[in-house]
Amino acid sequence: MTPSPTKQFTKNILERKVGQKPGFLNVHEHSLPPRLFMVSFDGDLYESREFENYDSLMAAFVSQPQARHWIDVRGYQNLELMERLMLDFQIHALQMEDVINDYQRPKVEEDGNRLFIISRMVTFTEEHEIDDDQISLFTGPNYVLTLQSDYEDCLNPLRERIRAGKGSIRKKSSIYLAYAILDVVLDHYFPAMAQLGEYAEELEDCLFENPSKKLLSQILDLKREVVKIRRIIWPERDKINEILRMDEAQIPHDLRIYFKDIYDHAVQLIDLVDNYRETTSSLTDLYLSNVSNRMNEVMKVLTIISTIFIPLSFIVGLYGMNFSREQPDGEINPLNMPELYHPYGYVTLLGFMGLVVVGMVYYFYRKGWLN
Amino acid sequence: MTPSPTKQFTKNILERKVGQKPGFLNVHEHSLPPRLFMVSFDGDLYESREFENYDSLMAAFVSQPQARHWIDVRGYQNLELMERLMLDFQIHALQMEDVINDYQRPKVEEDGNRLFIISRMVTFTEEHEIDDDQISLFTGPNYVLTLQSDYEDCLNPLRERIRAGKGSIRKKSSIYLAYAILDVVLDHYFPAMAQLGEYAEELEDCLFENPSKKLLSQILDLKREVVKIRRIIWPERDKINEILRMDEAQIPHDLRIYFKDIYDHAVQLIDLVDNYRETTSSLTDLYLSNVSNRMNEVMKVLTIISTIFIPLSFIVGLYGMNFSREQPDGEINPLNMPELYHPYGYVTLLGFMGLVVVGMVYYFYRKGWLN
Amino acid sequence: MTPSPTKQFTKNILERKVGQKPGFLNVHEHSLPPRLFMVSFDGDLYESREFENYDSLMAAFVSQPQARHWIDVRGYQNLELMERLMLDFQIHALQMEDVINDYQRPKVEEDGNRLFIISRMVTFTEEHEIDDDQISLFTGPNYVLTLQSDYEDCLNPLRERIRAGKGSIRKKSSIYLAYAILDVVLDHYFPAMAQLGEYAEELEDCLFENPSKKLLSQILDLKREVVKIRRIIWPERDKINEILRMDEAQIPHDLRIYFKDIYDHAVQLIDLVDNYRETTSSLTDLYLSNVSNRMNEVMKVLTIISTIFIPLSFIVGLYGMNFSREQPDGEINPLNMPELYHPYGYVTLLGFMGLVVVGMVYYFYRKGWLN
Amino acid sequence: MTPSPTKQFTKNILERKVGQKPGFLNVHEHSLPPRLFMVSFDGDLYESREFENYDSLMAAFVSQPQARHWIDVRGYQNLELMERLMLDFQIHALQMEDVINDYQRPKVEEDGNRLFIISRMVTFTEEHEIDDDQISLFTGPNYVLTLQSDYEDCLNPLRERIRAGKGSIRKKSSIYLAYAILDVVLDHYFPAMAQLGEYAEELEDCLFENPSKKLLSQILDLKREVVKIRRIIWPERDKINEILRMDEAQIPHDLRIYFKDIYDHAVQLIDLVDNYRETTSSLTDLYLSNVSNRMNEVMKVLTIISTIFIPLSFIVGLYGMNFSREQPDGEINPLNMPELYHPYGYVTLLGFMGLVVVGMVYYFYRKGWLN
Amino acid sequence: MTPSPTKQFTKNILERKVGQKPGFLNVHEHSLPPRLFMVSFDGDLYESREFENYDSLMAAFVSQPQARHWIDVRGYQNLELMERLMLDFQIHALQMEDVINDYQRPKVEEDGNRLFIISRMVTFTEEHEIDDDQISLFTGPNYVLTLQSDYEDCLNPLRERIRAGKGSIRKKSSIYLAYAILDVVLDHYFPAMAQLGEYAEELEDCLFENPSKKLLSQILDLKREVVKIRRIIWPERDKINEILRMDEAQIPHDLRIYFKDIYDHAVQLIDLVDNYRETTSSLTDLYLSNVSNRMNEVMKVLTIISTIFIPLSFIVGLYGMNFSREQPDGEINPLNMPELYHPYGYVTLLGFMGLVVVGMVYYFYRKGWLN
């Protein structure tokens, strides 16, 4: 069984060395060796390449100063590469630390006209947990540099759009490319949210069909996932809002509407996640109410059975008493249980007990306990 | 059974293609073929027409530049039409995407002196759910362009007012027409809220009369609807507030009071929805308390019956014992259950047991368990 | 039984016609025919009159331009009168709509130097509900115009003060008169709050003395009333705050302290209502805990009785068995229940059962179940 | 039994006459006759006197214009004195109303360079309630005037400091004296909070030792006291914050750090009170859980006893049946209860029932019900 | 058993003397005698010394005006030393009071270009409690002065970095040193949080394995610790935010990014603590649900056993009745319990009772009560 994300996170924090110098690049053992990609394009040009080494990438990069370039570094296991990136792209050590630590909430920083943006790519896993990977993005006059810890990401539709030359992306500036990346990343929140919603409905169905003991635990775990994604989306929204408040130098006027659009999407995601919060709260309430209802049902069965048979048992016990018709001296005690000697005593009693049962059943029926 | 709105929404999200270029117009298969309406009017003029095709509509539109026009497009299943609208009315691709996606929270965007407004038209359905349809609205110097996905809407009272020339609507600017549309849309929230309130009272009556197992589920579903409409009304209010903060160029000074009026209505709706939130919370509490009370009642019946009969059963069991008056060797054991041989043994015991019953009933009466 | 306010409100909303032109004056059938009052005063002058018709009122009004006038219209069932008021006192149609609809949350609007203020007069009814009536107020250079739907209001102490010439009210401006009205209206919230508080204490006493099944329902209803008055007081406070932020032209500097004073009162009311919110929450918790405690008590009685008698019943059942001392062939089975033939068998058993009872009672005493 | 503070407060409100002219001085019957104190000091001078009448106080006051004076009026039962104070110290009637009404939340008002400050002195009473008395304070160029309803207050340590000439207080301005009063008043919140905290721990101990029925009621009462003190401390903090935002004319720059210091204390008190809120919530949860646990324990005893003896009772009942070995006609029924005639029938059955008991006890032990 | 932190805190408050002059230095009896450390460095220089007395420290300090110095005073038990520090480093009495009282929430104060910063160093103790020690920090042109009550702190990694000359710390200004201290202090929150998280998971495991009665108490205690650390981290964040809003004179532009970095960490800590809050809430819910589930299980066992055996007991009781086949006069009552004389009466009854048991078990199986 894999550790829960909380456990994993706890482990990561414990491994982290405290008191390091600021900007210390703590390359994790289990991080991947870097792969270097670059997509270069302008209106006419389109080249998508993976490079063997950083030098060849840089050579290609500087040889086409008029084109836009999307440099994409995946995997951090090469401290030297990271330091060369910092040098060549004027990345501050603290920013590179944020990139490599791989657990930074979404944010944007501006430095002159350049932006440093961190986004989180979200998926809803098979284990019903929100998994979020970090993508770090630096903009420059004619490039966007992205860094991620995994080889796989959610950006292939965008790569395909650049290749196909669809839309105006090939003709637009590097900041538009940055926007396009943020847009695709945020777009992928929707299917994750939809899967989470489907899982919530699965749990709701369970609740009414065969509620297991683990169900509450699962509902509360889901609640925590909802809270978790909420804590990712809010800073995502704040980040885009901060971009919208930047001035012309960072965000040209005609691109503003694009960021406004992803802002709308972020707000819609917040609405959605609040919806799920309400849903999981409802599920908790329903679960607890179901527990009470089941106890109620158990109690009713017990009460019906007991209430019917306890008086009957008394009656049969009554006629099981050994009061003697005769005293030891042979004298007759006519008052001692004469019923026992009546020819119709037994059948009368059976009939009486039948009436008692009918009366009680009617009483329970009137109380509505029999449905 | 139709899927719940949440399920429907989840389905929509899953169908949505992620990573599309911004402004991609995703015309849904199940969307309706567009119908084109235009109402043209000024102080004297009044014409209300449906057009066969877009060209004839545009011809009519440009031929009366001095009049105001309300162009009303219903149904989106024609990509080419949408693109011509974008071109002729300078609509940004991202705005048209918002229109067609049909799930955008209420908002306003200004672009020069033009406004782009999205509202949601709300109804409370037979299935006790909030159904909300989107109406998108663009203003221009002498026109208002509205787009909606359905053929039916809630604006007929307004159309009738224009036709009848009631009020000053025929003499006022296009921004006043936009206001009038927003006003009528918001007016329709009130009956929806009233129906929701009536349903809440139905559920409350159920609670006291015959609470079914499904009741809590229904209450919690209603709670979710209340939360849902809350999330629609708040941005509605924010939208109007944003309009109120616009300057003279967008909202002339003498129209400000009209928008202030619908702002008041939006705030009143928020009060109302908070009222319903409180009501549904109360219902949940009452339901859970009812469950406890019913269990209490069951327990009391069980306890009364058991407490009365268990001691009696002991007593009759006592006198059902077979302690022998004679030892096997014929010697007498006078201490072995002499009661059994007493001439009044049986009736004394019956009387004693009667007293026990009376005592217990009195005890329960004093405890207040008998009412 | 009168409908609950929520029901009444729902009904009102359903009756309201949606889609009306803005400023449509919807005179309710059941509204009262207007009565026209005017109090005219300055340092020396004091006249308080009811007028037969609007013309005579206006004649009196214009004949004393140097005095201050409080024109008080009660009852709205005269559309023509309302329209003449709009004309003579420059009231916007939307404002008159707010007046007549009679369900507008407290607010203030400024129009030049004139104020339009809506307040709500609150009482706590016999049915333990917050009843709030609207008073609408327009200020002018030498007059205050108030409109209310009922003939009765809470302003008589103020009328008496003007008549008696107490305080400086006769010497002050019309805006001071407006303040005085707002002050008296807000003063009346305190006794309403006190009655609500007394009712809360009544319910609390019930809780400990004879909690009925309806009690939780009553507590939750009270909670809703508390929430309702909270939603009235907050905008009341906001309204006064807005007045305080107006400039010299609307609120002369020396009057500012008076509005600050009623602001303090509004804040004090908010403190009070939050206090009651906490109280009603406590009551809910106490009620639910009482239900649990009662169930606990029932369970304890059941358990004590059962635990004492069930083992005893077993014992007497044991000696009610018919194991035979003799085999059918007459052979003796000395091991079959020899106790039954022992001369002290019965009394020994009675003694033993007495010990069992004492032991159990002691056990329950130690558990603390007997107090 | 003294009425609870809420009851007292409700009574006060009901007694208050509504609709009075603003600034009406409602001297309560039960208020104390005023006592007049003045401490006069500068670097050298120190005089602390109680005056017989207001004239002698004023004579002393005006005779030392170069010194600082702390005039301290305790008890309000003299309307004429109050009016003379208003005249001599330019106190607005509304401010004097706030003083005398004795129930004003903490606030500060500035009027030119003068401050009017209301603070509340808090104690935690023997009855476990927050008792708060009002102290009203006016600053002037060379004096501070305080008014309180009681003869006793918490300011003696400050009086002693002035007498002893400790610190720089004798050399500083009247605004510093005002600060020193506020500081001592706020300092006294800490022991009140500590006592409240000790009481909370007492209740927690009760919870685990001998939880009475009244305990929840006490916990919820404490919760309300916590909420009450919270509503006193927050405006206290806001008041100091407002003072900090005043400009040089009111608060000289070198005194700002002193007010910042009491601001820190107010924030610390807020932290503390939030801590207690959390504590009382925990207590409520623990109480309710204890109730459930006790019910669980009762149920377990019942279930263990019943589960052990009910089957045994069946068995002994079985062998109490009277199936006859002989038919009436003397024919033998060998299948009718031959066990009863077996020489080891009884002991075998006793052994079997012993095994059943052992098995069940083991089962309960495994379930963990026996600890 | 050591007192709980809350108890300790309550005790501290009670000991604190109220009404002291502002800036009164209340040296606690149990505070440690001061030890004096100084680290002096610049690009080349590195000296780390402990001084016997304050004079030798000051001599060393003034002899190297071109270097940066970190003066570190640990232990406060020397009033004279504290007063000399105030004099030599221009520390206000109120600031020194904050230092020595040792219970000040995180804050920053600026005084000219100098900063006074209070941070709290957090650990999670063996007793599962948040322990926080205060570190107070004053910056000057070429020094940082820190004061702490204990000899041990969490700053050794930083001291080692200065010694090793790692990073640029030796070349940077004193404000950078202040940053570095804050950074290391905040870094240590992460392992404390991780330990808290591990403890939360321990409790969760307990919940599912062997929930003790104390468990809820432990969960609620943990909840309180989470609330406590939350109240430490929020002002920590606010403090850093306030530093970020200072101008160039306090925080040079190139250092701003460093403070931004620790701001990010503070926000991440807030996310983390909110995560734990959600977790502890889940644990409470799970605990309470487990209590209900256990009660349910108890009830089911009771109900199954009772429901099976109570009817059987009735049946065997029925055939234990003594209805007589013969009347006293010898006449035969053929209807009185003829079953008893039937040759297969007993075995038939045993079979019938077996069927009843099978039927009931099947019923319980269908209800799902047997798993």
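A few points about this structure:
Chains here go by letter, A, B, C, D and E, matching the order in which they are written, and residues are numbered from 1 within each.
In this section, a contact is a pair of C-beta atoms (placed from the backbone, for glycine too) under 8 Å apart; a residue touches a chain by one contact, two chains touch by 3 or more.
Everything numeric here is computed off the predicted structure, so don't read it as measured data.
Interface of subunit A with subunit E: the two copies contact each other largely through different residue positions, with under half of all numbers used appearing on both sides. For the pair subunit D and subunit E, the distance between mean C-alpha positions equals 25 Å.
One finds 41 Å separating the Cα centroids of subunit B and subunit D. Residue positions 292, 295, 299, 302, 306, 310, 313, 317, 320-322, 337 of subunit D are each in touch with at least two other chains. Under the stated contact rule, the graph of chain-to-chain touches is a ring, a single cycle where every chain has exactly two partners.
Considering their complex, residues 6-7, 9-10, 13-14, 16, 18-23, 92, 94, 97-98, 103-105, 107, 109, 210, 213, 216-217, 220-221, 223-224, 227-228, 231, 284, 287-288, 291-292, 294-295, 298-299, 301-302, 305-306, 309-310, 312-313, 316-317, 319-322, 325, 332, 337, 339-347, 349 of subunit A touch subunit E. If you check the complex, the residues on subunit E that touch subunit A are 154-158, 161, 166-167, 169, 179-180, 183-184, 187-188, 190-191, 193-194, 197-198, 201, 208, 257-258, 260-261, 264, 267-268, 271, 274-275, 278-279, 282, 285-286, 289, 292-293, 295-296, 299-300, 302-303, 306-307, 310-311, 313-314, 317-318, 320-324, 326-328, 331, 333, 335-337, 368-369.
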